[in-house]
């Protein structure tokens, strides 16, 4: 048996974002660490992806904002956040002070928003920028579609962000598309350094006693174990369409789930809803992956990526 | 105040009234730090249906013994699973979460008003109030019918005066807790915060600045809390209420449990679950 | 209290298909009644929708064909069936002999297939034709997309079918699209008498021990409670785009679920995976709906359709 | 042969060896019609995780008393839930499903070969064979180790000769059931279907048409069934095997449980689960 350097077995480079391990917390599910920090060791994570921030503070959608479905969670938070300035002045320093690697998620209503966010963040200590063009809970100016539902809009936004920053840029894609390959390629061509997918699927539920939607915003985004098979299929497809690395997201609850994502082509994973179910999930997955590689005598997690046998 | 995720041993889990369960947990990590009004976030089952944790208030706290008691009503899948957990097994809990009741200095005359399961956290509060030197505790317990009146003995043992109101009149007075509250307040007013609240004469009272010795603490459905706020407002009684909202993370990370306050949307799990009723924007 | 004729409270007309009640079994989940007939009273159903049939017998995909996911089911059957002639000569007479109303589901690889199927079925006793243009488990000639992922293909197929038949034609739509409204309108414009939605979502899962897909066909279609919120949102959206009735499908397990679909705009429902979980499901839902209307003093199920309050 | 969905009362549900459970069900509807090799489709829990039913073979049948026994191994979520169901509660079952073993006229020398949980349906078959006037039953039971050898006593009580083989040699012979099968067959061959199978000499034997009195019945993992088919083929012994495949409907409606046969894809739940091994296309 070869001796394996298990310390470095999980190291990965996601389009320039070098991480000690490939497990991040997904945007919107971990706050800005102040909240989960006591339960989760932020410094031990590959990185934390912040709740999406907007230029100005945003109050979010009217409650109810959450609804549990069978093995899933509908949310319509509407990106409640205190805006760019507060992020740079308060949240980011705190995140850095606890030793976290920080991927900042940015969201906007128009290209200008993304551009200004990217420009302002370029001079900060954030480690990468995830461009949320796929949030089902915010309306955009003019268009009825999400940016990530249209290859041209995807390209336009990503190109604008890339021009403003030399940080790694990750395009976060929506599963609510006819052809994920088309969007993935558009993002790659526009210069995205990586893709992260999937954001939530548009969904809704009904309170039949009152004949009303369960969410204040009527529809919301579906996450959790329910969507895992959909996420895996999308990642598998996108993996064959682009060369840039893919960060797999969608219903990952366990090490086994994470391994499935790597085999389907993910170079890293993000843990979302699982943080709510079990705050220890992300940490357990990091430990689990280390053990998995060791037991199989693998040198690096890279050996798993896309290795699904047909 | 450090939040912890821990495996709590179930010491007791028994049905105390049809559909109502009392559960005692040995929580090594943090039982000593729990305060009335805070809650635990509980993984009811093992699989992913139901998926999320369930928030349950602390009902009684024996910090020294490391024991926390819960009182819960079987509602849907989650609480059903909880009710089936057997003694000696371990429950995955996160806590203590949220901000509890704040009892300002100078209050000595306490009115606790509970609608339905609202009694659960108020017992913990009453336990705390009972340790005060100078105090008078009145509890108004409202329920649909006699079958869902719980905790009367607990309050009485603490030395609180318990007034029972049921919607169908099957126990105590017939009516709504809020009507009773109005009577109790007026009674207080006439008697200048006297502690006896036996007679609820409909004597005309003047609404005005209320004695700062009085503290009103409410827990129950949203509609009840709204009525309580309305009733208490003209008297300017300081009133805190414990709120419920669907929760995701339970720790303030997801902004899922938003409630509208004068300061904007706040998180029931983080800034709450106890809010000053005057701060809430009702709609 | 008005006296309500509960007998007829569930009667509904779906684009010319008049049914005693709006509850059907979904294609592929009920066989051709011989199989489930002993467990389910086929004559008591609104209708049964047959497993999709193809022109020629088709052997289907290599096993494994099923995989259970969290609150969902992945299938990649590949439309194993004995073909059109056998359907007309054997299956249909049997179905009719047990008193079932029959919606025949047809599937093909090209427009010609659908055309010939529709023509041949027009002279039979089938009550309606459901056009399956959305099966994720069959490959089409030339195109990489499903017909139902493209408005032009949808229109082309539906138009061809309509030309061949005067039976009610139902277009079965796929949820794997960017804009369901676009496809729904295309089907309506092409002459579809009703829509049925949703078919399964493309999904996959991985056997990590062997680094292989769980399904012989690699990807499959996801059904069951996991997809219910997605189906509701799609139906709600389509309902505002078309005038033709919509048959709601996707994770319906109970009367409550069915009511939610009606409130979101469905005029009828199909029960799929629930038949596997509980063969009594469809019957229970019919009884449940009857009771629901009675308790609310409603004359007809139509009073529920699209009545979600915002 | 009518399939029924019914609530079966759980009379017994006990762990007979680590991870192995025996469950007795009172099935009013159809217990009398159940045949060895058929299976029940069982709703293990209440929620939707796990979602589908679980197919479990009938292990013993007491038609007159309306009782069917199952023998199952705790595997994943479904069987785990089954194992937690308590006596006196009711289990939602659909059955009897599939085609059982067919014992052709003229067979009197039966060899049953079980790998792992494969013993479960073979006990029902042995029970049936035991009622025949002229018979000799040999059972080869294979398992990983002594801990997973079950049902030996059952077979012996029926009067069957039980040969135990474990992979680690911790009980009976060390090795694989298939190697033992080969020995048993050769032994038969030499002795012209004599019933004594004590000695397994490696005497050279001629492979040829086999006596029609011999019937071979197998149940176990796919790889074992494939080996059994290979071993039996040259001797032309009629061999039936019970197969497993993931199931949806369990009644032949969904074509989910396909297995490749000489006739094309067939359904394990409908044409099976018992197939003639000669009909299967192995890959």
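When the chains are written out, they are named A, B, C and D in that same order, and each has its own residue count from 1.
In this section, a contact is a pair of C-beta atoms (placed from the backbone, for glycine too) under 8 Å apart; a residue touches a chain by one contact, two chains touch by 3 or more.
The shown structure was predicted, so the numbers you read here are calculated from the model rather than taken from an experiment.
Student: Using the contact definition given at the top, which chains are in touch with both chain A and chain B?
Tutor: C, D
Student: Go ahead and note the Å separation of the Cα centroids belonging to chain B and chain D.
Tutor: So the centroids are 58 Å from each other.
Student: Quick one: report the Å distance separating chain B from chain C, using the average Cα coordinate of each chain.
Tutor: Between these chains, centre-to-centre, one finds 48 Å.
Student: Provide the C-alpha centroid distance between chain A and chain C, rounded to the nearest whole angstrom.
Tutor: 34
Student: If a residue has to touch 2 or more other chains to count, which residues of chain C qualify?
Tutor: If we look for residues of chain C contacting two or more partner chains, we find 70-72, 225.
Student: Counting only residues that touch at least two other chains, what does the list for chain B look like?
Tutor: Residues 47-50 of chain B touch two or more partner chains.
Student: Which word fits how the chains touch one another: line, ring, star, complete or other?
Tutor: complete
Student: Spell out the residues on chain A that touch chain D in their complex, using ranges where they run on.
Tutor: 70-71, 225
Student: So in the complex, the part of chain D that touches chain A is made up of which residues?
Tutor: 47-49
Student: List the residues on chain C that touch chain A in their complex, please.
Tutor: 69-72, 74, 145, 149-150, 176-179, 201-206, 208, 210-213, 218-219, 222, 225-230, 232-234, 236, 251, 256, 259-260, 263-264, 307-310
Student: Quick one: which bits of chain D touch chain C in the complex? Just the residue numbers, please.
Tutor: Contact set of chain D toward chain C: 2-5, 43, 48-53, 92, 94, 245-260, 264-265, 270.
Student: For the complex, give me every residue of chain A touching chain B.
Tutor: 28-31, 34-36, 38-39, 51, 59-60, 62-68, 70-73, 75, 77, 80, 224-225, 253, 273, 275-280
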